[in-house]
Amino acid sequence: MTVAAPPKTKHNLKLIYQKPESLTDSPTHYCPGCTHGVAHRLVAEVLDEMGLREKAIGIAPVGCAVLAYEYFNIDGVEAAHGRAPAMATGIKRVLPDRVVFTYQGDGDLASIGMAEILHAAGRGERITVIFINNAIYGMTGGQMAPTTLPEQVTTSSPRGRDVATQGFPIRMSEILAQMDGAAYVVRRSLHDPNNIRKAKKAIRLAFEAQVRGLGFAMVELLSTCPTNWGMTPIEAMNWVRDHMVPAFPLGDYKVAPELQKLRV
Amino acid sequence: MTVAAPPKTKHNLKLIYQKPESLTDSPTHYCPGCTHGVAHRLVAEVLDEMGLREKAIGIAPVGCAVLAYEYFNIDGVEAAHGRAPAMATGIKRVLPDRVVFTYQGDGDLASIGMAEILHAAGRGERITVIFINNAIYGMTGGQMAPTTLPEQVTTSSPRGRDVATQGFPIRMSEILAQMDGAAYVVRRSLHDPNNIRKAKKAIRLAFEAQVRGLGFAMVELLSTCPTNWGMTPIEAMNWVRDHMVPAFPLGDYKVAPELQKLRV
Amino acid sequence: MQTEILIAGFGGQGVLFAGQVLAYAAMDAGYEVTWFPSYGPEMRGGTANCTVIIADEEIGSPLVAHPKVLMALNAPSLDRFEPQVQPEGLIVANASLLSRPVERQDVTAITLKANHIAEELGDRRMANMVMLGALSTHLPVLTLEQIKAALRDHLPKRKHHLLEANYRALDTGAARARIVA
Amino acid sequence: MQTEILIAGFGGQGVLFAGQVLAYAAMDAGYEVTWFPSYGPEMRGGTANCTVIIADEEIGSPLVAHPKVLMALNAPSLDRFEPQVQPEGLIVANASLLSRPVERQDVTAITLKANHIAEELGDRRMANMVMLGALSTHLPVLTLEQIKAALRDHLPKRKHHLLEANYRALDTGAARARIVA
Amino acid sequence: MAAKGWVEIDETLCKGCELCVNYCPVGVLAMDTERLTPQGYHPAALVEDACTGCNICAVVCPEAAITVYRAVKPRVRATA
Amino acid sequence: MAAKGWVEIDETLCKGCELCVNYCPVGVLAMDTERLTPQGYHPAALVEDACTGCNICAVVCPEAAITVYRAVKPRVRATA
Amino acid sequence: MPRELMKGNVAMAEAAIRAGLEAYFGYPITPQSELLEHMAKRMPEEGRAFLQAESEVAAINMVYGAACTGARVMTSTSGPGISLMAEGISYIAGTEVPAVIVDVMRGGPGLGNIAPSQGDYRQVIHGAGHGDFFPIVLAPASVQEAVDLIGEAFDIAEKYRTVVFVVADGSIGQMMEPVELPEPRPLRRERPDWAVSGAAGRPHRTLTSLYLKPEVEERINLRILKRWQEAEANEVRYREYYLDDAEFVVLGFGTAGRVALSAVRAAREEGIRVGLFRPVSLRPFPYQAIRDLAQRAKAFLVVEMNGGQMLEDVQAAAQGQVPMRFYGRMGGMVPFPDEVLEEIRTLAADPPTPTENPRARWLAHMMPA
Amino acid sequence: MPRELMKGNVAMAEAAIRAGLEAYFGYPITPQSELLEHMAKRMPEEGRAFLQAESEVAAINMVYGAACTGARVMTSTSGPGISLMAEGISYIAGTEVPAVIVDVMRGGPGLGNIAPSQGDYRQVIHGAGHGDFFPIVLAPASVQEAVDLIGEAFDIAEKYRTVVFVVADGSIGQMMEPVELPEPRPLRRERPDWAVSGAAGRPHRTLTSLYLKPEVEERINLRILKRWQEAEANEVRYREYYLDDAEFVVLGFGTAGRVALSAVRAAREEGIRVGLFRPVSLRPFPYQAIRDLAQRAKAFLVVEMNGGQMLEDVQAAAQGQVPMRFYGRMGGMVPFPDEVLEEIRTLAADPPTPTENPRARWLAHMMPA
């Protein structure tokens, strides 16, 4: 294969993009094409841009992102499954001037961690939540998640999710928007560059909400799991677009007035 | 005191109301004027009217209603704090033709039991939930509940609930109405005879929903706790009307189409 | 040397508070003391009682099967605890709510109509203090003055306007205490 | 009498399945057998290996420090496990992915370019069967025929169209196995 | 019997909460401050002869302590 | 140098997911099927000289493996 | 029945189904998930209840509910899930309803890892929940034994109206072995006379663990203890290997016991008179059998995949009658037979003194200063 | 400091505040709630963090989070809450961060009741969470001792980077006694070098209990065990009463120990040479001291407010060196001194045989057939 020749000199080349400082150098353990990596990158870019790297404390979930604390170049802790919002609360209450965020999957946040996320929102806990909705339990081998679509085949819904016995997909943004303590609750998707850019803006606002002390902030990100969906990364991106976005409408579910004015 | 004379004979008197069969003869342990008793009575009346007494299995919560299984003349079990919906699920899944209901307080359902109630609703579990919202932890001596009003003084919010640190009241009906599995979610109040009558109709519909297999059904009942509020029973009724109803609007949050047509 | 006082009545009769007053007085007098409530089930109503033990060395059990002193504010309490009082012990009973006299012959028994006296004095909630006053007349370890001082020193400031009424109830109780056996 | 076979490679190379085929063959032949995977961390990628123990009495440990047989499907596996094979043991290595020969002199070593052979045969996923075929030539407890029969009897019906290709891979592997040490 | 209705209050159940008294639209109920129930409460009692049998007291009673009767007009047999 | 942009792909990070290749609007990226990264993947590579520096590949790369440069026009000093 | 090659997790699931399981509630966790997945596939096929709960907390309370109807019901999980089930387990025990729980143990504490471990021993045996009760705990060492014990677990749970644990270290869950599955038992149709089912034509029934009056709670506690005493008398299970003439005894359960078996055989070949004692019921613990061995053995070696949790019980059983060594691997490490063989050799060559502290000596060996 | 008459729960809360508590997270439960309520009042006054969590699960995970910042943090609960905290406790232990937990024990299992009990002994000591770790457990027998132990608990937790329990039976929480409170300690301002706080001017730090590689997890496990060994060497606490010339020894902790003290005094008056051994640290357990006593006593009597949970440890310690009786009350019953006195009399008049099973004999006595 012929690779394009490098530029003769670099001095008339402007650096447009490079790996953010808020990520470490470690390669991740994510499967090729998994958008967990995209979400990490966006969070890191926002921390860099807002100058929060040295103030941030990140909380990794139990889920594929369990080692997130090794990839973020910030202080980090590992939560018990679903309890990241409670752990974040504990940290934020003793270090109110730090920037505390959780990074959680759909099993973590919407299944076992349902009570903790709702109460953190109800309390208006000044934390930021990055919620990766990939409609599956990635880490444990592809079991059904609360966000699994009707009829979707998983290892624990081998005949497809039967809503009559296994229930309906749970839409967390809609639920959390009901909480008075929530300042910012939106859903975005990572299925193409354009949506990724929008997701980044949302993440920015979710950290702005915290820095400004407005309350609880969450960005739900529709994300891929090529491995457990049995797809190539590109097929997975398209599956998000074609199947997940219709079931989980993108949009702003709650935006505090102070944030509506902000341009980021 | 002169008590009105009894009627000469009773044979031209028609029995209009008597204690329902679905209640046992035991006196309750509730404080005088506590509307837990009203809620019990309404549930029992509905069971009687629908002929469900011998099919019903009730699940008592951890809360003042902990002994509910002694007052209902039906089969009953005692759940762990907040877990009644899970226990109900276990029962209903093995006995799908029985009528299973939980009876839960606001601490039980909206605090520790948040995940279980939301997931039961999400699964469209065919159970009926009677939710007693009295804005306080009655049984343990009057601590703050998730539904405690802003500024309300409790033993764990001695300076009044401070929403900045202790969060906002949580409105469960609004949240649960978001769940696709929910067939019937309404809020009623027990603060006067008229509202009590409306509450009974709602309870009836909540059991109809189960009998018809439509999905999850919940009636939220605004209720009094004269003891921990430090009021007389009548003051407490008025406090519900004047303070709770404005904060927890009465209404139908979700009614399955099949139920809308029903006249009860 | 150890004195055990069991105070029993309905919830709402000020049983626990009466015990606390004794406990404060004992502490201020330099004794070891424990106050032990029978905290009821997590729900309302029913009876309430507490045990106060006053001693001059490290106190062992905070509960005893056979207290030296019983202060019974209502009938069920007398029924339940009268048989348990030590021989040579003391029973102070609230005749306002009794349907029968103290039956034990081997104890000192004092009865007085504490509710009636309290109502006379203008505050029915003072029945517990009336009883305490009566108790003080035969309690070996503490004097009426010590009990009054404890009230003064430990009643929260915002309740100090009630001090006088309490003193009066104590005094009246002490004055009207009648040994019946 | 007990034979331990350690099969190791990348995830995705069919390591676990190759072990299972051996286990089935052993079971059908009436042996006691255990198949033990090194199930990796709850996440993707990395290496995979499994140990198959075939014996004629109740099997003790499902793992051994020093297996009699190593089937190494890639370079890291050979590097890691070669030193552990028992003296007089057997190493079957996939030369397609090796950068060096087997170094041990005290074992029987068989190498073959399993990936290349599989690609030749038209299905790169058959490398594991090619390796198994090679292994069968020097495995004391099981014959190639028994392995084939196990495949036939235990491959789920919906995969039976693959049987022929598997047989061919096994045969070719057996044919091309070359003892190198 | 002048009244259209009649109520019986079960004193083993009544806790003297006064809710029935408060909500009775015709004011025929009152607390019997002279009597004590076995549970130690002053029970409610029907004190006037003007009960309408409207059932409101029973609807509000937390203890299901009230039984309500209503007078029925002697049935006039329809002559077909 | 003809192109307006330039990308560098860090092969210790690239996992060969092909997302960048798929989304590059001018199609200048391709998988290098001849090379294997230390993690055992075929990496992406810039194979044509027409990169616009649009940054889309970097936006989509899950591994933050791509560094993007853009050519800057030699600045013409404004004569005030 | 013909032998089938099955993964431990799958075999346990299938064995439960054949034992007449009516409902399964669980939550995914490695290294147990295949058990849940097999249930997801098979239970609906059989027209029985399968539900992936929202959490282990919910799962155990679903089990609790179903158990109250007298149905055969089970759940399965691993370490963190066992912790989350503690409250529900205590309620089940306090309500005296039967339930079966499978713990496929992994490395801990905390999130730990998913490698095989025996680190939940103490928790399952002593601390499965608050308050006074004793679960029955069975520990298989092979897939076949796991299948057999699952079947028995239901009968035992019902006999003593209690919680029965089957604790399989991760290896038992993950490995494949040939097994003979039992014939499917028909579903029981009659319900026990304590079960709730709707008060049709009989007085209403209640099931609770709440006894507000201490006198009453005490009676219930004593009744539970009494049943436990019966279980202690009837349900002790263990396996002995080469003990007849043994001077030295290795003790280990589950996979550690199997590994020890290999080592014992190797040591026998070297002429060391050593045998193996493998507890199968961890509760009731085979105190008496071990005490008897202690009288006649020269020394014990306890082998575990934890920091010496069963060791404490062996010490309690032996009552200082025999000197003892300990060898453990922790955190998901599985000992190799060679390591245990080496320990046996040392034991024989340089027997422990009666006062030597087995854990301290081992720890000094594992973590030289 | 002058003595104040305080309820145990309130005194423990105030003692923690004076020990420099920075954050309290808890959930109401009887008989512990006054502790939480005192925190609700006082912590905001001091400008420190108080939060009523949505559950015990959330509370312990808030504690976990705060502990990771190096703050002094605690929670308090009772039986069911301890069960719900099990997972979080295991994570805290696995992450090696310090935290203090108060368990005001009530009757169990299940919902049980709220009367005083010692039924959580086994759970707290052996089963506070999954995986290999040992919490340190302190058991006060008076309000003053509770105050003192709370203060020490924080120091010990930090010294060994572990979980320290203070287990007070319901009676200690509910009773009032005069106490001398310590002077308030200033809040610590420096943070330990393992704490997370934002990676300002230093490499980023992480705190976790996840160690995917078993080799690494094993090293952590061993490190935890090593610290525990140090605690075992340094932190044993007990109180002895009238033991110098004692032929008979009563053993009991907490309220059971106090009750026994009254009985021992009464028995002494009757001329029985009996003394009391009251363990204060339940873990590390005073094995050696008890073993020494076993050598010289004629018989032991273990008294508990449970079904003989500490009894098992006393038996393990005594190693069959002394015959033993047991007397327990369960389900929220508190024994009266008279009952224990009667047991002492029997012990002296009709000493147990070496082989008699203390629990079986007691059970037969409590539940005659």
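Letters A, B, C, D, E, F, G and H mark the chains as written, and numbering starts fresh at 1 in each.
The working rule: a contact is a pair of C-beta atoms (placed from the backbone, for glycine too) under 8 Å apart; a residue touches a chain by one contact, two chains touch by 3 or more.
The structure presented is a predicted model; accordingly, all values stated were derived computationally and were not measured.
Undergrad: Looking at the contacts, which chains touch subunit F and subunit H alike?
TA: A
Undergrad: Count the touching C-beta pairs: is A-G or C-H ahead?
TA: If we tally the C-beta pairs in contact for A-G and C-H, the bigger total goes to C-H.
Undergrad: With chain centres taken as the means of their Cα atoms, state the distance from subunit B to subunit D in Å.
TA: The computed centroid separation for subunit B versus subunit D comes out at 64 Å.
Undergrad: Return the distance between the CA-based centres of subunit D and subunit H, expressed in whole Å.
TA: Using C-alpha averages as centres, the distance is 55 Å.
Undergrad: So, what's the distance in Å between the C-alpha centres of subunit H and subunit B?
TA: That gives a centre separation of 39 Å.
Undergrad: Please work out the Cα centroid separation of subunit A and subunit E, and write it as a whole number of Å.
TA: 62
Undergrad: Which positions in subunit B are in touch with at least two other chains?
TA: Within subunit B, the residues that touch at least two other chains are 30-31, 66-67, 78, 80, 111-112, 114-115, 119, 140-141, 146, 165-166.
Undergrad: Which residues of subunit F are in contact with two or more other chains?
TA: Counting only residues that touch two or more other chains, subunit F contributes 39.
Undergrad: Quick check: what residues of subunit G touch more than one other chain, meaning two or more?
TA: 30, 51, 54-55, 57, 80, 87, 91, 95, 110-111, 113, 208-210, 212
Undergrad: Along subunit H, where are the residues that touch subunit A in the complex?
TA: Residues 22-23, 25, 49, 51, 53-55, 57-59, 61-69, 71, 73, 87-88, 91, 95, 196-201, 204-210.
Undergrad: Which residues of subunit C touch subunit H in their complex?
TA: 20, 23-24, 27, 32-37, 39, 41-42, 58-66, 154
Undergrad: For subunit G, which residues are in contact with subunit H within the complex?
TA: Interface residues on the subunit G side: 57, 79-80, 82-84, 86-87, 89-95, 107-113, 115, 117, 119-120, 122-133, 208-226, 229, 306-307, 309, 312, 315-316, 319-321, 329-333, 359-360, 363, 366-367.
Undergrad: Write out the stretch or stretches of subunit G touching subunit A in their complex.
TA: 27-30, 33, 36-37, 40-41, 44, 51-52, 54-57, 80, 110-111
Undergrad: Mind listing the subunit G positions that touch subunit D in their complex?
TA: My answer: residues 3, 5, 30-31, 113-114, 142, 170-171, 174-178, 255, 258-265, 334, 336-339.
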